[in-house]
């Protein structure tokens, strides 16, 4: 029984500690906000906001208040707004404790690819290159394999990189892996998943 | 009859045009503000203010409101405050139209020295190096000669430089000179002062 | 010195020429200079290079200038949500210089602050770093990025006084201050021009020294993705 | 995560060590972290390097740490108005690294923004440029200046909420935001801690992410040069 999207998000939320300022990427990472519980977490939206609140009630959407995924959001009583230069200043300057991001591929050396598939799909890196270069801890949350059943944890990435040697921890539907000297180390397996199943689904070197 | 301090300031004020943002240094340059008349001039104080007003009335001094010379001042209805990084960003970025500064020495190539006399006097450059490197026009206002009667307009400066090739125009008690190809050019003489008197009091090359 | 103009066309008069570099504020459709963009489209100026985080959507924001093929090159971090942008890029009708979002913001600020170049870790070891100088500081690799010096900045703010002091609102601030700083000339559109002295001088986000021309106008302020939550029943 | 401490001594507990680099906000005696400076003096920590625009006056501000010889080196733009500072420098008791004022502010901001170095025209051709890399961009000479990464930032703001969001007042803002950014740890003193939600989120000058510890206290706020004008008679 691998984890589903919500269980992955719940597991990722365990990475967050009281008092942290955190940036959550689009997709599963966004769900992490639902699982922080009592912890005092401040969410950064890299388009210029700290203290991101939940979606607004219908009819209360404000076109001047969106997150980095362009969704309408709300503010909290701790919220501050600032411009993009300051926003990425705090990201590059290491003031943001952690980023939780999705990925297309991660290599055993912590390389991350998540911004384009040459000739097919071009999203752009947005703020991801700055985030992985700047925040103190980079946590990737993604499915362990792609739709074709191929491992997304590779010996080396095949797609253009977002960052080189930047990923610290990977949370997949099968478990949790850390980037360590020589490859990836299995930290935890999802309920009912064995280390052997993770090894079988992983192209990257697993070290013990 | 050479110009006195106030006449030099009055002459310097003629350099200012409607709509300009201007930085005035300490000493005679500060007096320039008294002679702008109807012109719409906004004064910058490089410690973080645009729209510097006059000194406060007695009893209305505010310790949080000083100019770059540490004097108490007031605000106007156009005033804005900002931090030192932004303040010098606008200076280096060429947003300030002109700086009017005092000097110890100016060379015929537009070099400026006004921040220290080795072994004797150390003031520090403060914001002067940034101003002369960044603003669009640098105007020096100073006496033509020092207390020993020696020219302050030199072939080359003897004191540590504030900026190299940065001065555009020099207003002294004897007249107005521009830094041009090959030396200084006399633009104007003070009332009753002859070009010959200026030449005699000037060590720098005078070109015609 | 009158900074206030009647409308976008007048405010841009004499400033547009083919092949120019324009820096635009805004993020997605939030805080974009929509009136100035429309006036630029109507002017017919072409071969533009536009530095902007993204290009709006197909039929709003900078997407309007892509639709009319007035843009030769974009300097952006993000293409997503604009099908025409991606199509023109993939078919090589449009040049695209990818900039990481923070690098783009910092490059604009740098240009406006007289910083010709700076060293950042962002993008080291990626294709963004190709052809750029790499330097090691304290054992870490940094790449050299250049300041952007634009011919024109187009900016959207919330309020201004007639000296051009600007206030932005919530996340509509985004790239606007940095874009404003890096232009030789900066034209700003606001929702309201207020009397001098009615803005708190401690809360002016961008001082008037950065602003050359100014218009007030009606803004559509379209929302790209409306997301809401259910109201709990009492 | 409690950021609010009872007093300056407690707020600095565990953060001070001999030989450390401290970045201090303030300009002259305006906006200086006077409570933290006194607590640092009382701690007896020594061989400090202090990055600060100037050093206050002989008996107030950073002048207090010069008086006790706790400072080994200053990184400053201005010595004037502090006779003891000039005396210690000229007698070589004190190391002094002159930084143009704007370069100092930008170096602090750069350190806080993950920028290892930047190219500025300021100081080219002067003794400030000695030993620094020179690069030509678009025909102009620029020198390479490095970001400052301090062990500790000491900062004075006007108001804060308990999450550390800061508001400054008038020209007391000066170097405080940049100094706050460049420290591994940033300790702030304010005149008033206000409830969450009472600061306008659009007017927060420095977000709480930059602030690690916070105290409220009474400030002397001495004026260096009182200058006034005559009240016109009615």
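Letters are used for the chains, namely A, B, C and D, taken in the order the chains are written, and counting of residues starts over at 1 for each.
Convention: contacts are C-beta pairs under 8 Å (C-beta built on N, C-alpha and C of every residue); 3 or more make two chains touch, one makes a residue touch a chain.
These numbers come from a predicted model, not from an experiment.
Visitor: Return the chains common to the contact lists of chain A and chain C.
Guide: D
Visitor: Select, from B-D and A-D, the pair of chains that is joined by more C-beta pairs in contact.
Guide: More contacting C-beta pairs are found at B-D.
Visitor: Can you name the chain that lies farthest from chain D, using the mean of each chain's Cα atoms as its centre?
Guide: A
Visitor: List the centre-to-centre spacing of chain B and chain D in whole Å, with centres computed as mean CA coordinates.
Guide: For chain B versus chain D, the centre distance works out to 27 Å.
Visitor: Express in whole angstrom the distance between the two chain centres, defined as the mean CA positions of chain A and chain B.
Guide: Averaging C-alpha atoms per chain gives centres 54 Å apart.
Visitor: What is the distance, in whole Å, between the centres of chain A and chain D, each centre taken as the mean of its C-alpha atoms?
Guide: Taking the average C-alpha coordinate of chain A and of chain D, the gap between them is 35 Å.
Visitor: Could you work out how far the Cα centre of chain C sits from that of chain D, in whole Å?
Guide: Roughly 32 Å, centre to centre.
Visitor: Can you tell me which residues of chain D touch two or more of the remaining chains?
Guide: 106, 109, 113-115, 120-122, 168-170, 173, 201-202, 205
Visitor: Which positions in chain A touch two or more other chains at once?
Guide: 75, 81-82, 88-89, 91-92, 133-134
Visitor: So which chains actually touch one another? I want all the pairs, not just one.
Guide: A-C, A-D, B-C, B-D, C-D
Visitor: In the complex formed with chain C, which residues of chain B make contact?
Guide: Touch residues, chain B against chain C: 18-19, 21, 40, 42, 44, 50-51, 75, 77-82, 88-96, 133-134.
Visitor: Spell out the residues on chain C that touch chain B in their complex, using ranges where they run on.
Guide: 1, 109, 111-115, 161, 163, 165, 181, 196-197, 201-202, 204, 207-210
Visitor: For a test of understanding, state which residues of chain D touch chain B in their complex under the given definition.
Guide: Where chain D meets chain B, its residues are 27-31, 53-54, 76-81, 86, 89-90, 98, 100-103, 105-106, 108-109, 120-128, 158, 168-178, 205, 221-229, 231.
Visitor: Please name which positions on chain D make contact with chain C in the complex.
Guide: 106, 110, 113-122, 135, 137-138, 140, 142, 146, 167-170, 173, 200-203, 205
Visitor: So in the complex, which bits of chain A are touching chain C?
Guide: 45-49, 54-58, 60-67, 69-73, 75, 81-85, 87-89, 91-92, 111, 119, 122-130, 133-134, 160-165
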